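Next, two complexes with chain A in common: one pairs it with chain B, the other with chain C.
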Partner chain A sequence: MTKKLSKSYFTEDERILRVWDIEDIKDLMARRGFYIASEMHREELNDLWVTSPEYRKTASLGSNLGYYVGMDDIANYYVVKHTEDRQKLLDACCAANPAVKNHRDNLGYGCMTFHPVSTALVVLSDDGHTARGNWYVIGQDSTWQPGGPASCRWSNDKLAVDFVKENGKWKIWHLVIANDIQVEASKTLNDKPTIAPPGSDPAEVEFNAGDPTVRMLTHNKVLNWSDNYPTEPEAYFHFDDKDSYGPEGHPKYEKYQEK
Partner chain B sequence: MKKHLTLSQRIHNAEGAQAAEFLHAKHAYLHAKAHEKEEYSEIWTRSEDASWAHSFGRWRGWKNVWWGHVANYNLIYLDVYRQMYDLVPEVAFLTDFRSLGELAMHSLSTDIIEVADDGQSARASFLTPGVISSALHPEMKWKGFVLWERYGADFVFEDGEWKYLHEQVCPDLMGPFDAANSGMDSYNRLVNPPAGGPPPMDTNAKRLQDIGPLHNSYTTVQTVQNTVPWPEPYVTMDNNNTYTQKL
Partner chain C sequence: MADNTRFTTEELVGRFEDRRDVKNLMGKYVVSMLLKKESTMLKNFWSKKSDICLGVNEGYYQGTEAIGAYYKSIDKYTIATRDLLVKLFPKQTAGKTQEQLYGIGPFEDRCINNAVVEIAADGKSAKGMWASLGNVTDVTTRGPVSHWVCATYAADFILEDEKWKIWHLLYLEDVRSPAGYNWSEGKNPFAELPDFALMAAVSLAQPNVKKVLRERYSLNRPFTKLPRIPEPYNTFAETFSYGI
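Moving on to the complex of A and B:
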């Protein structure tokens, strides 16, 4: 909207389909929130993310500390590692409470992850094949802790997503979760030191433990949004990697490659 | 369903409804990083009818809104930059100092949007459970607040594009992030007011056209203020269907 879209090029049929496309994309991101809240990571990748080989290869999941690139690397982190972590928790839970069965149906026992999305800002490419969007998440992660009370954290993110239409359906192609706040519930944020000791940010520890494909500082939350990443999508005609939310779209990616 | 409109009009108005949502979100993200110059240059009408209001009052006319937002905010954030320059070396290498001031995450929800039958304006109201935070302060600790507000916004279709026309911000509740009991805090302020009370606001310095208060934050001794009622279906923007009545 900040640049003039070539609306006059579109027929009325195309215009209403474009309106509907944006609603479909918002629906897709809302569904992702429910998948996460239901511990359905595997299903999320299967149902909501790209499936064709061309896009699977370049799909990415990013955070403040880098990117997992390709659906295999994404799945190894987002599904396999997550499942392993949940299994470890379940093992500890069963050891502490024999009434809990150590069965796959109990993965996620004592855990809850709510990442509701809001503040949708969606831009559809003029060619209609791709779209880009931002959302806010004011979320919480609650996890049963072995031998102690639950850990409940507030987790505020900005999501930045590239979408591509595959066989008439919108799919997630690149997704960046830029975290701005991680703080334990009931502990005031105002006591937290500006420069956190290394390894003390649970979101960063968790992301790094999976060995991201591209390890680089993408967003430094200490500096608020001075790094301006991920930035809001602008009107565009055709998708370009250099403007994407994949690693190639990060302003420091060339420097990373040189290293 | 507005069946009295033609299909073309309904398509135009569907785009208008999405534009209202888009523009308010764009405002939210630009404001979060204090890119006020970009916001008021790119997504606002430059008309004399533009307005921006808060509890303290309202600026009318795009030039006054610009003065209130761009000029004032930049000075505040430049001051933060100066304070932090020596404490956090990375700050020196930033290309844009403005975002250092704070991260104002005014998350938008509960949208109610109406587009005029004449297709020339749109109106929207939102509730926002927001968070304002920043890691950068001279004491080297985070600061974080929750801020619950309601918004009323009008938009205008101008030269083939949707633009922001009016914004009214109504803060209802603010307190320290996750450690607040805002109702109790409000009660305590009533029964045990701070010595001297809050400093009076210098409305002259703000160069407001409408001097507030236009909205009072929540207290335990007032009824709910429906300052920006949600928009109802309407035909054209007039003084009955706007968040800024013409004088």
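Moving on to the complex of A and C:
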């Protein structure tokens, strides 16, 4: 990465546009938080993610256990599989309670997701075409269970995102959701095993069940942040795949390819 | 996200300041609840317009009088809590004036994040939406009870005498559940305490427009979308309202 240019490199007009670029990116990620809470997964991909063929092909959605690459694979997991999972849950819910109608509008019955973002750190490339950011989420996932109560889990995640400007609008290009903690609301962290095997948490199981394009351990939360992935964005001039939050930017990606 | 290319550099600076001021206004609003400043909130934060309203899960406080009565009832609750705690803890509260002790007991951390703010192209109004993950401790007939609170704020703002003011505000909770318990059950696990029986006489003013705006989460809540997210707009007449 090239050393970041000083502020004096830019004109006053450019500087205020760069200020707004960062505002727009923060706004984009906050919108995503509200889209998730309203289960607007399809709308999220349509409105907030890249749309041009060039970027659709390389877009990625990552977690601790790998990446979905390309908007088709992302949509198959994030929209199609999610909807199928919600339908299975609704089927079980209707079987348990005939008063609940098995209708598309009832998908998500007894469920709630809340993943608001905070602690924004956004770096805009000097060329102004891309940007990179980190956020932290203290969120929760509540899921209907037969007989109740619901599974109510706290979920702490670090988000790392590459953005690209398409037709004057910022879009999500690569997104990594690195989970640190999943714990039932009525339990303490002490109730969890000291070393839980990677992939043992419900969110990880769900991610893996969708058949990710690239299966690899990206972040081992057993070791907290000692693996330093995803890394904090640094000042840069223009985008380089090797530093991205896509699979190519992961330090172990070459080893994964060798396998 | 508005199209920034339609504005001049000076306008973009002004719009950035507007956005910052709107965020600061909401930050001050939630901190005022933490600091128990309800007695000044109507005057400090709200528009002078007659159609102001505050929507909560159970309905709207419509108009200046209703919103004022709501804050006043919180003020009365804060006073009642202080008086009870002074009675129960004479040693710990000795030597302090009533003013110094105002606010002991309840704790309302309803901090906000996840801001989406749109300033109208004409600069006269704004819309915003925030998420809140907070901790609220109420002093109740069961003693102090700490809750996790998950909620959404959505608001319309109006520029009055060059200051941003709240015009319509929604504060809608999804979760308000005792800390350490599963929030899908809606249970309060704590027993009534005779020492705190006096709190039964204290209640908050109810909305003057009763309407369920949002059911809190439970195992049997149908899926419920959040309020509509603000969108770029030119004038308030062109967009939707968070008011009644």
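FYI, the second predicted complex is superposed on the first by the 250 of 259 C-alpha atoms of A that agree within 3 Å, B and C clash if a C-alpha of one lies under 4 Å from a C-alpha of the other, contacts with A are read in each partner's own complex, and residues count from 1 in each chain.
Just so we're on the same page, a contact is a pair of C-beta atoms (placed from the backbone, for glycine too) under 8 Å apart; a residue touches a chain by one contact, two chains touch by 3 or more.
The model shown is predicted, which means the values in this text are computed figures rather than measured ones.
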When chain B and chain C are modelled together on chain A, clash or fit: fit
Which of chain B and chain C A:235 touches, first, second, both or neither: neither
Partner chain in contact with A:224 - chain B first, chain C second, else both or neither: first
First, second, both or neither for A:109, with chain B first and chain C second: second
First (chain B), second (chain C), both or neither touched by A:92: neither
Partner chain(s) touched by A:138 [first = chain B, second = chain C, both, neither]: both
Touching partner for A:185 - first (chain B), second (chain C), both, neither: both
Computed vertex angle (chain A) for partners chain B and chain C, CA, steps of 10°: 60
First, second, both or neither for A:12, with chain B first and chain C second: both
Touched partner set for A:195, first chain B, second chain C, both or neither: first
Contacts of A:38 with chain B and chain C, given as first, second, both or neither: second
Smallest separation in angstrom, by C-alpha atoms, between chain B and chain C in the superposition: 5
Intersection of the chain A residues that touch chain B with those that touch chain C: 12, 16, 19, 118, 138, 185-186
List of chain C residues in touch with chain A within their complex: 1, 3-5, 9, 12-13, 16, 19, 113-117, 129, 131, 133, 148, 150, 152, 174-175, 177, 180-185, 217-223, 225-226, 229
Interface residues, chain B side, partner chain A - complex: 7-8, 11, 14-15, 18-19, 21-23, 25-26, 28-30, 32-33, 42-43, 88, 90-91, 94, 96-103, 105-109, 129, 131, 133-137, 140-144, 160-162, 176-179
Residues of chain A touching chain C in the complex: 12-13, 16-17, 19-20, 23-24, 26-28, 30-31, 33-35, 37-40, 97, 105-112, 114, 116-118, 138, 140, 142, 144-145, 148-150, 152, 168-170, 184-186
In the complex with chain B, residue positions of chain A that touch it: 1-2, 4, 7, 12, 15-16, 19, 22, 118-122, 134, 136, 138, 154, 156, 158, 180-181, 183, 185-195, 220-226, 228, 232
